[in-house]
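Let me begin by presenting the structure, written as C-alpha coordinates, before commenting on it.
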Amino acid sequence: MLIKQNTDYNLTSDDTKIHKSAILVDCEIGKNCIIAPFVIINMSCKIDDNSIIGPYNVLERGVSVGKNVTIAPHGVFAIDTMIADNCFFGPHFSCANDKEISYGEHGTSPKKLPYIEYPITFERGCTIGTRCTIAPGVTIGQGSRLDMCSFITKNVKPFSHMRGTNELVAKLIRTMETRPDEI
Amino acid sequence: MLIKQNTDYNLTSDDTKIHKSAILVDCEIGKNCIIAPFVIINMSCKIDDNSIIGPYNVLERGVSVGKNVTIAPHGVFAIDTMIADNCFFGPHFSCANDKEISYGEHGTSPKKLPYIEYPITFERGCTIGTRCTIAPGVTIGQGSRLDMCSFITKNVKPFSHMRGTNELVAKLIRTMETRPDEI
Amino acid sequence: MLIKQNTDYNLTSDDTKIHKSAILVDCEIGKNCIIAPFVIINMSCKIDDNSIIGPYNVLERGVSVGKNVTIAPHGVFAIDTMIADNCFFGPHFSCANDKEISYGEHGTSPKKLPYIEYPITFERGCTIGTRCTIAPGVTIGQGSRLDMCSFITKNVKPFSHMRGTNELVAKLIRTMETRPDEI
(Lines give C-alpha, C1' and ligand atoms only; values in the text may rest on other atoms or scores of the structure.)
Protein backbone atom coordinates (compact mmCIF):
# COMPACT_ATOMS: atom_id res chain seq x y z
CA MET A 1 0.00 0.00 0.00
CA LEU A 2 1.38 3.41 -0.97
CA ILE A 3 1.29 5.74 2.02
CA LYS A 4 1.75 9.45 2.65
CA GLN A 5 1.23 10.89 6.12
CA ASN A 6 2.00 13.97 8.15
CA THR A 7 4.48 15.76 5.91
CA ASP A 8 3.49 19.38 6.48
CA TYR A 9 5.97 22.21 6.70
CA ASN A 10 5.39 25.84 7.60
CA LEU A 11 6.99 28.30 5.19
CA THR A 12 8.28 31.59 6.63
CA SER A 13 8.55 34.84 4.69
CA ASP A 14 12.30 34.14 4.48
CA ASP A 15 11.80 30.98 2.37
CA THR A 16 12.65 28.88 5.39
CA LYS A 17 10.75 25.61 5.81
CA ILE A 18 9.99 24.46 9.35
CA HIS A 19 8.28 21.14 9.95
CA LYS A 20 5.20 21.39 12.13
CA SER A 21 6.55 18.85 14.61
CA ALA A 22 9.72 20.87 15.28
CA ILE A 23 10.04 22.56 18.68
CA LEU A 24 11.59 26.01 18.51
CA VAL A 25 11.93 28.13 21.64
CA ASP A 26 12.75 31.81 21.04
CA CYS A 27 15.47 31.15 18.50
CA GLU A 28 16.55 33.03 15.40
CA ILE A 29 16.45 31.34 11.98
CA GLY A 30 17.91 32.82 8.78
CA LYS A 31 16.77 32.69 5.15
CA ASN A 32 16.30 29.61 3.02
CA CYS A 33 16.84 27.12 5.86
CA ILE A 34 15.21 23.74 6.40
CA ILE A 35 14.23 22.63 9.91
CA ALA A 36 13.30 18.96 9.65
CA PRO A 37 10.75 16.97 11.67
CA PHE A 38 11.27 16.33 15.39
CA VAL A 39 14.01 18.95 15.72
CA ILE A 40 14.40 20.84 19.01
CA ILE A 41 16.07 24.24 18.96
CA ASN A 42 16.31 25.89 22.34
CA MET A 43 16.32 29.52 23.36
CA SER A 44 19.07 31.88 22.23
CA CYS A 45 20.08 29.58 19.36
CA LYS A 46 20.86 31.26 16.05
CA ILE A 47 20.82 29.50 12.65
CA ASP A 48 22.23 31.49 9.74
CA ASP A 49 21.11 31.36 6.07
CA ASN A 50 20.95 28.27 3.85
CA SER A 51 21.46 25.77 6.66
CA ILE A 52 19.73 22.42 7.09
CA ILE A 53 18.97 20.96 10.51
CA GLY A 54 18.11 17.29 9.97
CA PRO A 55 15.54 15.26 11.91
CA TYR A 56 15.87 14.56 15.67
CA ASN A 57 18.65 17.08 16.21
CA VAL A 58 18.60 18.86 19.53
CA LEU A 59 20.39 22.19 19.82
CA GLU A 60 20.72 23.15 23.45
CA ARG A 61 20.58 26.76 24.61
CA GLY A 62 22.76 29.27 22.78
CA VAL A 63 24.03 27.07 19.94
CA SER A 64 25.20 29.14 16.97
CA VAL A 65 25.08 27.67 13.43
CA GLY A 66 26.69 29.51 10.51
CA LYS A 67 25.67 29.69 6.83
CA ASN A 68 25.50 26.65 4.54
CA VAL A 69 25.74 24.15 7.39
CA THR A 70 24.17 20.70 7.00
CA ILE A 71 23.47 18.52 10.03
CA ALA A 72 22.38 14.90 9.45
CA PRO A 73 19.86 13.25 11.81
CA HIS A 74 20.11 12.42 15.52
CA GLY A 75 22.77 14.90 16.68
CA VAL A 76 23.10 16.42 20.16
CA PHE A 77 24.72 19.87 20.33
CA ALA A 78 25.61 21.01 23.85
CA ILE A 79 25.03 24.50 25.26
CA ASP A 80 26.82 27.33 23.39
CA THR A 81 28.39 25.10 20.72
CA MET A 82 29.69 27.36 17.93
CA ILE A 83 29.53 26.08 14.36
CA ALA A 84 31.05 28.33 11.67
CA ASP A 85 29.98 28.45 8.00
CA ASN A 86 30.14 25.51 5.58
CA CYS A 87 30.35 22.72 8.14
CA PHE A 88 28.86 19.26 7.60
CA PHE A 89 27.84 16.80 10.36
CA GLY A 90 27.06 13.13 9.75
CA PRO A 91 24.34 11.34 11.73
CA HIS A 92 24.49 10.61 15.48
CA PHE A 93 26.88 13.44 16.37
CA SER A 94 27.35 13.77 20.12
CA CYS A 95 29.28 15.93 22.54
CA ALA A 96 29.31 17.34 26.06
CA ASN A 97 30.25 20.72 27.43
CA ASP A 98 30.64 19.87 31.09
CA LYS A 99 33.95 18.34 32.13
CA GLU A 100 32.64 17.21 35.49
CA ILE A 101 29.83 15.22 33.99
CA SER A 102 31.85 14.07 31.03
CA TYR A 103 34.79 12.94 33.04
CA GLY A 104 32.93 11.88 36.14
CA GLU A 105 34.63 14.06 38.72
CA HIS A 106 31.71 15.25 40.78
CA GLY A 107 31.09 12.31 43.09
CA THR A 108 27.83 10.75 44.03
CA SER A 109 25.59 13.77 44.02
CA PRO A 110 24.90 14.58 40.38
CA LYS A 111 24.61 18.19 39.41
CA LYS A 112 21.55 19.56 37.76
CA LEU A 113 21.51 21.99 34.89
CA PRO A 114 22.88 24.56 34.26
CA TYR A 115 26.32 23.05 33.93
CA ILE A 116 29.67 24.78 34.13
CA GLU A 117 30.26 25.17 30.45
CA TYR A 118 33.23 24.35 28.26
CA PRO A 119 31.70 25.02 24.86
CA ILE A 120 32.83 23.34 21.66
CA THR A 121 33.87 25.23 18.53
CA PHE A 122 33.86 24.13 14.90
CA GLU A 123 35.74 26.52 12.62
CA ARG A 124 34.80 27.08 8.94
CA GLY A 125 34.37 24.15 6.61
CA CYS A 126 34.72 21.20 9.00
CA THR A 127 33.43 17.80 7.90
CA ILE A 128 32.36 15.58 10.77
CA GLY A 129 31.68 11.92 9.88
CA THR A 130 28.98 9.60 11.17
CA ARG A 131 28.88 9.01 14.95
CA CYS A 132 31.68 11.36 16.03
CA THR A 133 31.98 12.43 19.67
CA ILE A 134 33.68 15.60 20.92
CA ALA A 135 34.83 16.22 24.50
CA PRO A 136 34.13 19.49 26.35
CA GLY A 137 36.02 22.63 25.42
CA VAL A 138 37.53 21.25 22.20
CA THR A 139 38.06 23.37 19.08
CA ILE A 140 38.05 21.66 15.67
CA GLY A 141 40.22 23.78 13.36
CA GLN A 142 39.20 25.20 9.99
CA GLY A 143 38.67 22.72 7.18
CA SER A 144 39.32 19.69 9.37
CA ARG A 145 37.83 16.31 8.62
CA LEU A 146 36.88 13.67 11.17
CA ASP A 147 36.23 10.14 9.95
CA MET A 148 33.32 7.96 11.10
CA CYS A 149 33.32 7.06 14.81
CA SER A 150 36.11 9.46 15.77
CA PHE A 151 36.27 10.38 19.46
CA ILE A 152 38.13 13.66 19.86
CA THR A 153 39.32 14.83 23.29
CA LYS A 154 41.87 17.52 22.34
CA ASN A 155 41.94 20.50 20.00
CA VAL A 156 42.39 19.67 16.32
CA LYS A 157 44.62 21.90 14.17
CA PRO A 158 43.24 23.47 10.97
CA PHE A 159 43.08 21.21 7.92
CA SER A 160 43.68 18.04 9.95
CA HIS A 161 42.34 14.65 8.90
CA MET A 162 41.56 12.68 12.05
CA ARG A 163 40.56 9.07 12.35
CA GLY A 164 40.28 9.42 16.10
CA THR A 165 40.36 6.46 18.40
CA ASN A 166 39.65 3.94 15.71
CA GLU A 167 42.58 4.71 13.48
CA LEU A 168 44.91 4.47 16.45
CA VAL A 169 43.44 1.10 17.20
CA ALA A 170 43.90 -0.02 13.63
CA LYS A 171 47.52 1.12 13.72
CA LEU A 172 48.07 -0.78 16.95
CA ILE A 173 46.57 -3.90 15.51
CA ARG A 174 48.87 -3.79 12.53
CA THR A 175 51.81 -3.32 14.87
CA MET A 176 50.76 -6.18 17.09
CA GLU A 177 50.24 -8.51 14.21
CA THR A 178 53.79 -8.12 13.03
CA ARG A 179 55.44 -8.04 16.46
CA PRO A 180 55.60 -11.78 17.26
CA ASP A 181 57.78 -12.44 14.24
CA GLU A 182 60.00 -9.49 15.01
CA ILE A 183 60.65 -10.70 18.54
CA MET B 1 -0.03 9.40 39.02
CA LEU B 2 -0.89 6.89 36.30
CA ILE B 3 -0.65 8.50 32.89
CA LYS B 4 -1.64 7.63 29.34
CA GLN B 5 -1.10 10.10 26.53
CA ASN B 6 -0.92 10.29 22.76
CA THR B 7 -0.80 6.60 21.86
CA ASP B 8 -2.91 6.57 18.71
CA TYR B 9 -2.15 4.44 15.71
CA ASN B 10 -3.78 4.43 12.29
CA LEU B 11 -4.70 0.96 11.03
CA THR B 12 -4.51 0.32 7.28
CA SER B 13 -6.60 -2.23 5.40
CA ASP B 14 -3.47 -4.41 5.35
CA ASP B 15 -3.43 -4.79 9.16
CA THR B 16 -0.48 -2.43 9.32
CA LYS B 17 -0.31 -0.05 12.29
CA ILE B 18 1.19 3.37 11.70
CA HIS B 19 1.58 5.79 14.59
CA LYS B 20 0.05 9.19 13.91
CA SER B 21 3.35 10.97 14.59
CA ALA B 22 5.23 8.99 11.91
CA ILE B 23 6.26 10.88 8.76
CA LEU B 24 5.87 8.83 5.58
CA VAL B 25 6.62 10.35 2.18
CA ASP B 26 5.37 8.36 -0.82
CA CYS B 27 6.62 5.03 0.47
CA GLU B 28 5.22 1.53 0.14
CA ILE B 29 4.36 -0.48 3.27
CA GLY B 30 3.39 -4.19 3.27
CA LYS B 31 0.94 -6.17 5.37
CA ASN B 32 0.97 -6.59 9.14
CA CYS B 33 3.77 -4.08 9.76
CA ILE B 34 4.22 -1.73 12.70
CA ILE B 35 5.53 1.79 12.13
CA ALA B 36 6.31 3.20 15.57
CA PRO B 37 6.12 6.82 16.78
CA PHE B 38 8.48 9.46 15.40
CA VAL B 39 9.60 7.32 12.48
CA ILE B 40 10.56 9.01 9.20
CA ILE B 41 10.34 6.99 6.00
CA ASN B 42 11.33 8.91 2.89
CA MET B 43 10.20 8.62 -0.70
CA SER B 44 10.76 5.44 -2.70
CA CYS B 45 11.26 3.36 0.44
CA LYS B 46 9.63 -0.06 0.48
CA ILE B 47 8.85 -2.07 3.63
CA ASP B 48 7.76 -5.67 3.08
CA ASP B 49 5.30 -7.71 5.19
CA ASN B 50 5.55 -8.38 8.95
CA SER B 51 8.31 -5.86 9.60
CA ILE B 52 8.63 -3.53 12.59
CA ILE B 53 10.23 -0.11 12.31
CA GLY B 54 10.93 1.06 15.88
CA PRO B 55 10.72 4.62 17.18
CA TYR B 56 12.95 7.44 15.87
CA ASN B 57 14.26 5.46 12.91
CA VAL B 58 14.93 7.47 9.79
CA LEU B 59 14.98 5.65 6.46
CA GLU B 60 16.46 7.90 3.81
CA ARG B 61 15.28 7.81 0.19
CA GLY B 62 15.04 4.40 -1.49
CA VAL B 63 15.70 2.16 1.51
CA SER B 64 14.36 -1.34 0.97
CA VAL B 65 13.32 -3.50 3.95
CA GLY B 66 12.44 -7.20 3.50
CA LYS B 67 9.93 -9.38 5.33
CA ASN B 68 10.10 -10.11 9.08
CA VAL B 69 12.66 -7.40 9.77
CA THR B 70 12.80 -5.76 13.22
CA ILE B 71 14.58 -2.46 13.74
CA ALA B 72 15.06 -1.20 17.31
CA PRO B 73 14.90 2.55 18.08
CA HIS B 74 17.12 5.40 16.92
CA GLY B 75 18.62 3.99 13.71
CA VAL B 76 19.77 5.94 10.66
CA PHE B 77 19.59 4.11 7.31
CA ALA B 78 21.36 5.88 4.46
CA ILE B 79 20.02 6.27 0.93
CA ASP B 80 19.32 3.01 -0.95
CA THR B 81 20.30 0.71 1.94
CA MET B 82 19.06 -2.81 1.10
CA ILE B 83 17.88 -5.02 3.97
CA ALA B 84 16.87 -8.59 3.07
CA ASP B 85 14.34 -10.73 4.97
CA ASN B 86 14.66 -11.79 8.62
CA CYS B 87 17.23 -9.19 9.71
CA PHE B 88 17.35 -7.70 13.21
CA PHE B 89 18.88 -4.32 14.16
CA GLY B 90 19.60 -3.25 17.74
CA PRO B 91 19.18 0.36 18.84
CA HIS B 92 21.31 3.29 17.61
CA PHE B 93 22.32 1.71 14.29
CA SER B 94 24.21 4.13 12.09
CA CYS B 95 25.86 4.18 8.69
CA ALA B 96 26.84 6.38 5.78
CA ASN B 97 26.71 5.89 2.03
CA ASP B 98 29.04 8.63 0.91
CA LYS B 99 32.76 7.87 1.05
CA GLU B 100 33.74 11.47 0.61
CA ILE B 101 31.77 12.61 3.61
CA SER B 102 32.52 9.53 5.63
CA TYR B 103 36.20 9.58 5.00
CA GLY B 104 36.61 13.31 4.81
CA GLU B 105 38.15 13.58 1.37
CA HIS B 106 36.26 16.48 -0.12
CA GLY B 107 38.11 19.45 1.33
CA THR B 108 36.72 22.55 2.87
CA SER B 109 33.59 23.06 0.81
CA PRO B 110 31.04 20.51 2.01
CA LYS B 111 28.80 18.93 -0.55
CA LYS B 112 25.07 19.12 -0.32
CA LEU B 113 22.69 16.27 -0.99
CA PRO B 114 22.39 14.23 -3.15
CA TYR B 115 25.61 12.42 -2.36
CA ILE B 116 27.54 10.06 -4.58
CA GLU B 117 26.14 6.83 -3.23
CA TYR B 118 27.80 3.66 -2.05
CA PRO B 119 24.78 1.84 -0.66
CA ILE B 120 24.97 -0.73 2.11
CA THR B 121 23.52 -4.24 1.81
CA PHE B 122 22.36 -6.65 4.51
CA GLU B 123 21.74 -10.16 3.23
CA ARG B 124 19.11 -12.51 4.72
CA GLY B 125 19.02 -13.15 8.43
CA CYS B 126 21.66 -10.72 9.71
CA THR B 127 21.66 -9.80 13.40
CA ILE B 128 23.11 -6.37 14.10
CA GLY B 129 23.79 -5.57 17.79
CA THR B 130 23.30 -2.32 19.68
CA ARG B 131 25.18 0.73 18.35
CA CYS B 132 26.81 -0.81 15.27
CA THR B 133 28.22 1.41 12.53
CA ILE B 134 28.70 0.42 8.88
CA ALA B 135 30.93 2.25 6.37
CA PRO B 136 29.77 3.10 2.82
CA GLY B 137 29.44 0.37 0.23
CA VAL B 138 29.77 -2.54 2.68
CA THR B 139 27.83 -5.81 2.29
CA ILE B 140 27.05 -7.85 5.40
CA GLY B 141 26.77 -11.50 4.29
CA GLN B 142 23.82 -13.80 4.94
CA GLY B 143 23.24 -14.87 8.52
CA SER B 144 26.07 -12.77 9.91
CA ARG B 145 26.06 -11.47 13.44
CA LEU B 146 27.66 -8.21 14.63
CA ASP B 147 28.15 -7.71 18.36
CA MET B 148 27.39 -4.49 20.23
CA CYS B 149 29.43 -1.46 19.19
CA SER B 150 30.96 -3.11 16.13
CA PHE B 151 32.35 -0.71 13.52
CA ILE B 152 32.54 -2.46 10.15
CA THR B 153 34.48 -0.95 7.26
CA LYS B 154 34.86 -3.95 4.92
CA ASN B 155 32.54 -6.60 3.50
CA VAL B 156 31.59 -9.38 5.92
CA LYS B 157 31.38 -12.97 4.62
CA PRO B 158 28.17 -15.00 5.13
CA PHE B 159 27.67 -16.54 8.57
CA SER B 160 30.44 -14.45 10.14
CA HIS B 161 30.43 -13.47 13.80
CA MET B 162 32.11 -10.08 14.10
CA ARG B 163 33.06 -8.21 17.22
CA GLY B 164 34.39 -5.32 15.18
CA THR B 165 36.78 -2.81 16.56
CA ASN B 166 36.08 -3.62 20.15
CA GLU B 167 36.99 -7.28 20.07
CA LEU B 168 40.27 -6.43 18.42
CA VAL B 169 40.89 -3.99 21.21
CA ALA B 170 40.05 -6.58 23.84
CA LYS B 171 42.45 -9.03 22.18
CA LEU B 172 45.17 -6.43 22.13
CA ILE B 173 44.63 -5.64 25.76
CA ARG B 174 44.98 -9.27 26.74
CA THR B 175 48.17 -9.47 24.69
CA MET B 176 49.61 -6.36 26.27
CA GLU B 177 48.81 -7.46 29.76
CA THR B 178 50.82 -10.64 29.41
CA ARG B 179 53.67 -9.13 27.42
CA PRO B 180 55.73 -7.59 30.27
CA ASP B 181 56.24 -11.00 31.87
CA GLU B 182 57.08 -12.59 28.58
CA ILE B 183 59.80 -10.06 27.84
CA MET C 1 13.42 35.87 11.97
CA LEU C 2 12.64 35.12 15.61
CA ILE C 3 10.58 31.95 15.88
CA LYS C 4 8.58 30.16 18.56
CA GLN C 5 6.62 27.01 17.71
CA ASN C 6 4.99 24.04 19.37
CA THR C 7 6.28 24.35 22.92
CA ASP C 8 3.23 23.25 24.89
CA TYR C 9 3.43 21.15 28.02
CA ASN C 10 0.63 19.58 30.02
CA LEU C 11 0.87 20.20 33.76
CA THR C 12 -0.38 17.47 36.09
CA SER C 13 -1.74 18.04 39.59
CA ASP C 14 1.62 16.76 40.86
CA ASP C 15 3.54 19.70 39.33
CA THR C 16 4.87 17.37 36.66
CA LYS C 17 5.30 18.81 33.15
CA ILE C 18 4.68 16.47 30.22
CA HIS C 19 5.23 17.69 26.68
CA LYS C 20 2.23 17.12 24.42
CA SER C 21 4.31 15.14 21.92
CA ALA C 22 5.44 12.59 24.53
CA ILE C 23 4.00 9.08 24.27
CA LEU C 24 3.15 7.51 27.63
CA VAL C 25 1.55 4.08 27.84
CA ASP C 26 0.11 3.18 31.24
CA CYS C 27 3.10 4.35 33.22
CA GLU C 28 3.42 5.96 36.62
CA ILE C 29 5.04 9.39 36.98
CA GLY C 30 5.92 11.04 40.32
CA LYS C 31 5.85 14.65 41.47
CA ASN C 32 7.74 17.56 40.00
CA CYS C 33 9.09 15.63 37.01
CA ILE C 34 9.74 16.88 33.48
CA ILE C 35 8.94 14.66 30.50
CA ALA C 36 10.48 16.36 27.47
CA PRO C 37 9.28 16.34 23.84
CA PHE C 38 9.33 13.14 21.79
CA VAL C 39 9.83 10.90 24.82
CA ILE C 40 8.36 7.38 24.79
CA ILE C 41 7.63 5.69 28.12
CA ASN C 42 6.16 2.24 27.80
CA MET C 43 3.79 0.30 30.01
CA SER C 44 4.73 -0.62 33.59
CA CYS C 45 7.45 2.05 33.72
CA LYS C 46 7.70 4.03 36.94
CA ILE C 47 9.40 7.43 37.26
CA ASP C 48 9.88 8.71 40.81
CA ASP C 49 9.83 12.34 42.00
CA ASN C 50 11.99 15.19 40.71
CA SER C 51 13.32 13.31 37.70
CA ILE C 52 13.91 14.69 34.21
CA ILE C 53 13.51 12.55 31.09
CA GLY C 54 15.15 14.47 28.23
CA PRO C 55 13.99 14.54 24.61
CA TYR C 56 13.91 11.41 22.39
CA ASN C 57 14.46 8.97 25.27
CA VAL C 58 12.70 5.66 24.94
CA LEU C 59 12.03 3.65 28.11
CA GLU C 60 11.00 0.15 27.19
CA ARG C 61 8.50 -1.83 29.26
CA GLY C 62 9.05 -1.96 33.04
CA VAL C 63 11.91 0.54 33.34
CA SER C 64 12.16 1.95 36.86
CA VAL C 65 13.64 5.42 37.44
CA GLY C 66 14.37 6.68 40.97
CA LYS C 67 14.22 10.19 42.44
CA ASN C 68 16.35 13.08 41.22
CA VAL C 69 17.47 11.30 38.06
CA THR C 70 18.40 13.31 34.96
CA ILE C 71 18.56 11.69 31.54
CA ALA C 72 19.99 13.72 28.64
CA PRO C 73 18.57 13.30 25.11
CA HIS C 74 18.52 10.28 22.79
CA GLY C 75 18.87 7.39 25.27
CA VAL C 76 17.53 3.86 24.86
CA PHE C 77 16.69 1.99 28.09
CA ALA C 78 16.00 -1.72 27.62
CA ILE C 79 13.19 -3.67 29.28
CA ASP C 80 13.24 -3.70 33.11
CA THR C 81 16.31 -1.46 33.46
CA MET C 82 16.52 -0.32 37.10
CA ILE C 83 17.87 3.16 37.82
CA ALA C 84 18.23 4.12 41.49
CA ASP C 85 18.07 7.67 42.90
CA ASN C 86 20.42 10.49 41.96
CA CYS C 87 21.76 9.04 38.71
CA PHE C 88 22.78 11.16 35.71
CA PHE C 89 22.91 9.97 32.07
CA GLY C 90 24.63 11.92 29.28
CA PRO C 91 23.21 11.94 25.74
CA HIS C 92 23.02 8.92 23.44
CA PHE C 93 23.00 6.28 26.19
CA SER C 94 22.42 2.78 24.83
CA CYS C 95 22.15 -0.75 26.12
CA ALA C 96 20.63 -4.16 25.48
CA ASN C 97 19.07 -6.74 27.74
CA ASP C 98 19.17 -9.77 25.46
CA LYS C 99 22.46 -11.66 25.30
CA GLU C 100 21.48 -13.61 22.22
CA ILE C 101 20.80 -10.52 20.20
CA SER C 102 23.62 -8.54 21.72
CA TYR C 103 26.20 -11.21 21.25
CA GLY C 104 24.80 -12.74 18.11
CA GLU C 105 24.37 -16.30 19.31
CA HIS C 106 20.96 -17.18 17.97
CA GLY C 107 21.76 -18.05 14.40
CA THR C 108 20.06 -16.93 11.26
CA SER C 109 16.48 -16.75 12.42
CA PRO C 110 16.15 -13.58 14.46
CA LYS C 111 13.91 -13.65 17.46
CA LYS C 112 11.05 -11.28 17.89
CA LEU C 113 10.11 -9.53 21.09
CA PRO C 114 9.75 -10.36 23.94
CA TYR C 115 13.38 -11.14 24.54
CA ILE C 116 14.87 -13.33 27.24
CA GLU C 117 15.81 -10.59 29.62
CA TYR C 118 19.05 -9.78 31.41
CA PRO C 119 18.13 -6.42 32.87
CA ILE C 120 20.65 -3.71 33.68
CA THR C 121 20.93 -2.05 37.10
CA PHE C 122 22.30 1.36 38.05
CA GLU C 123 22.78 1.78 41.79
CA ARG C 124 22.44 5.14 43.58
CA GLY C 125 24.32 8.16 42.33
CA CYS C 126 25.88 6.83 39.12
CA THR C 127 27.14 9.32 36.54
CA ILE C 128 27.07 8.00 33.00
CA GLY C 129 28.90 10.12 30.40
CA THR C 130 27.96 10.88 26.82
CA ARG C 131 27.48 7.88 24.48
CA CYS C 132 28.04 5.06 26.97
CA THR C 133 26.92 1.53 26.13
CA ILE C 134 26.09 -1.21 28.65
CA ALA C 135 25.88 -4.95 27.88
CA PRO C 136 23.02 -7.15 29.12
CA GLY C 137 22.79 -8.10 32.78
CA VAL C 138 25.42 -5.62 33.98
CA THR C 139 25.18 -3.81 37.35
CA ILE C 140 26.87 -0.42 37.72
CA GLY C 141 27.75 -0.03 41.41
CA GLN C 142 26.76 2.86 43.65
CA GLY C 143 28.40 6.19 42.94
CA SER C 144 30.30 4.94 39.91
CA ARG C 145 31.31 7.19 37.07
CA LEU C 146 31.65 6.22 33.42
CA ASP C 147 33.49 8.55 31.07
CA MET C 148 32.33 9.48 27.58
CA CYS C 149 32.12 6.61 25.09
CA SER C 150 32.65 3.88 27.68
CA PHE C 151 31.50 0.41 26.64
CA ILE C 152 30.91 -1.72 29.74
CA THR C 153 30.46 -5.48 29.47
CA LYS C 154 31.02 -6.58 33.10
CA ASN C 155 29.73 -5.49 36.52
CA VAL C 156 31.31 -2.30 37.87
CA LYS C 157 32.14 -2.10 41.61
CA PRO C 158 30.75 0.76 43.72
CA PHE C 159 32.59 4.08 43.45
CA SER C 160 34.55 3.00 40.36
CA HIS C 161 35.74 5.45 37.73
CA MET C 162 35.69 3.69 34.37
CA ARG C 163 37.01 4.93 31.07
CA GLY C 164 35.84 1.78 29.33
CA THR C 165 37.24 0.67 26.04
CA ASN C 166 38.67 4.00 25.14
CA GLU C 167 40.91 4.46 28.15
CA LEU C 168 42.35 1.00 27.64
CA VAL C 169 43.07 1.97 24.08
CA ALA C 170 44.72 5.20 25.18
CA LYS C 171 46.84 3.26 27.66
CA LEU C 172 47.85 0.79 24.98
CA ILE C 173 48.78 3.57 22.64
CA ARG C 174 51.04 5.15 25.22
CA THR C 175 52.63 1.77 25.85
CA MET C 176 53.18 1.13 22.15
CA GLU C 177 54.69 4.55 21.61
CA THR C 178 57.38 3.93 24.16
CA ARG C 179 57.99 0.27 23.38
CA PRO C 180 60.28 0.60 20.33
CA ASP C 181 62.91 2.38 22.42
CA GLU C 182 62.60 -0.11 25.22
CA ILE C 183 63.16 -3.03 22.91
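As written, the chains take the letters A, B and C, and residue 1 is the first residue of each chain.
The working rule: contacts are C-beta pairs under 8 Å (C-beta built on N, C-alpha and C of every residue); 3 or more make two chains touch, one makes a residue touch a chain.
In this text, all values refer to a predicted model and were calculated from it rather than measured experimentally.
Contact topology of the protein chains: fully connected, every pair of chains touching. For the pair subunit B and subunit C, the fraction of shared interface numbers is less than half, so the two copies use mostly different residues to meet.
Computed from the mean C-alpha positions, the centre of subunit B lies at a distance of 20 Å from the centre of subunit C. Across the assembly, subunit B contributes residues 21, 38, 56, 74, 92, 169, 172, 183 that each touch 2 or more other chains.
Residues of subunit A touching subunit B in their complex: 1-7, 19, 21, 37-38, 55-56, 68, 70, 72-74, 86-88, 90-92, 124-125, 127, 129-131, 142-143, 145-149, 159, 161, 166, 169, 172-173, 176, 183.
On the side of subunit A, the complex with subunit C involves touching residues 10, 12-14, 16, 18, 20-30, 38, 40, 56, 58, 74, 76, 92, 94-96, 101-113, 133, 135, 151, 165, 168-169, 172, 175, 183.
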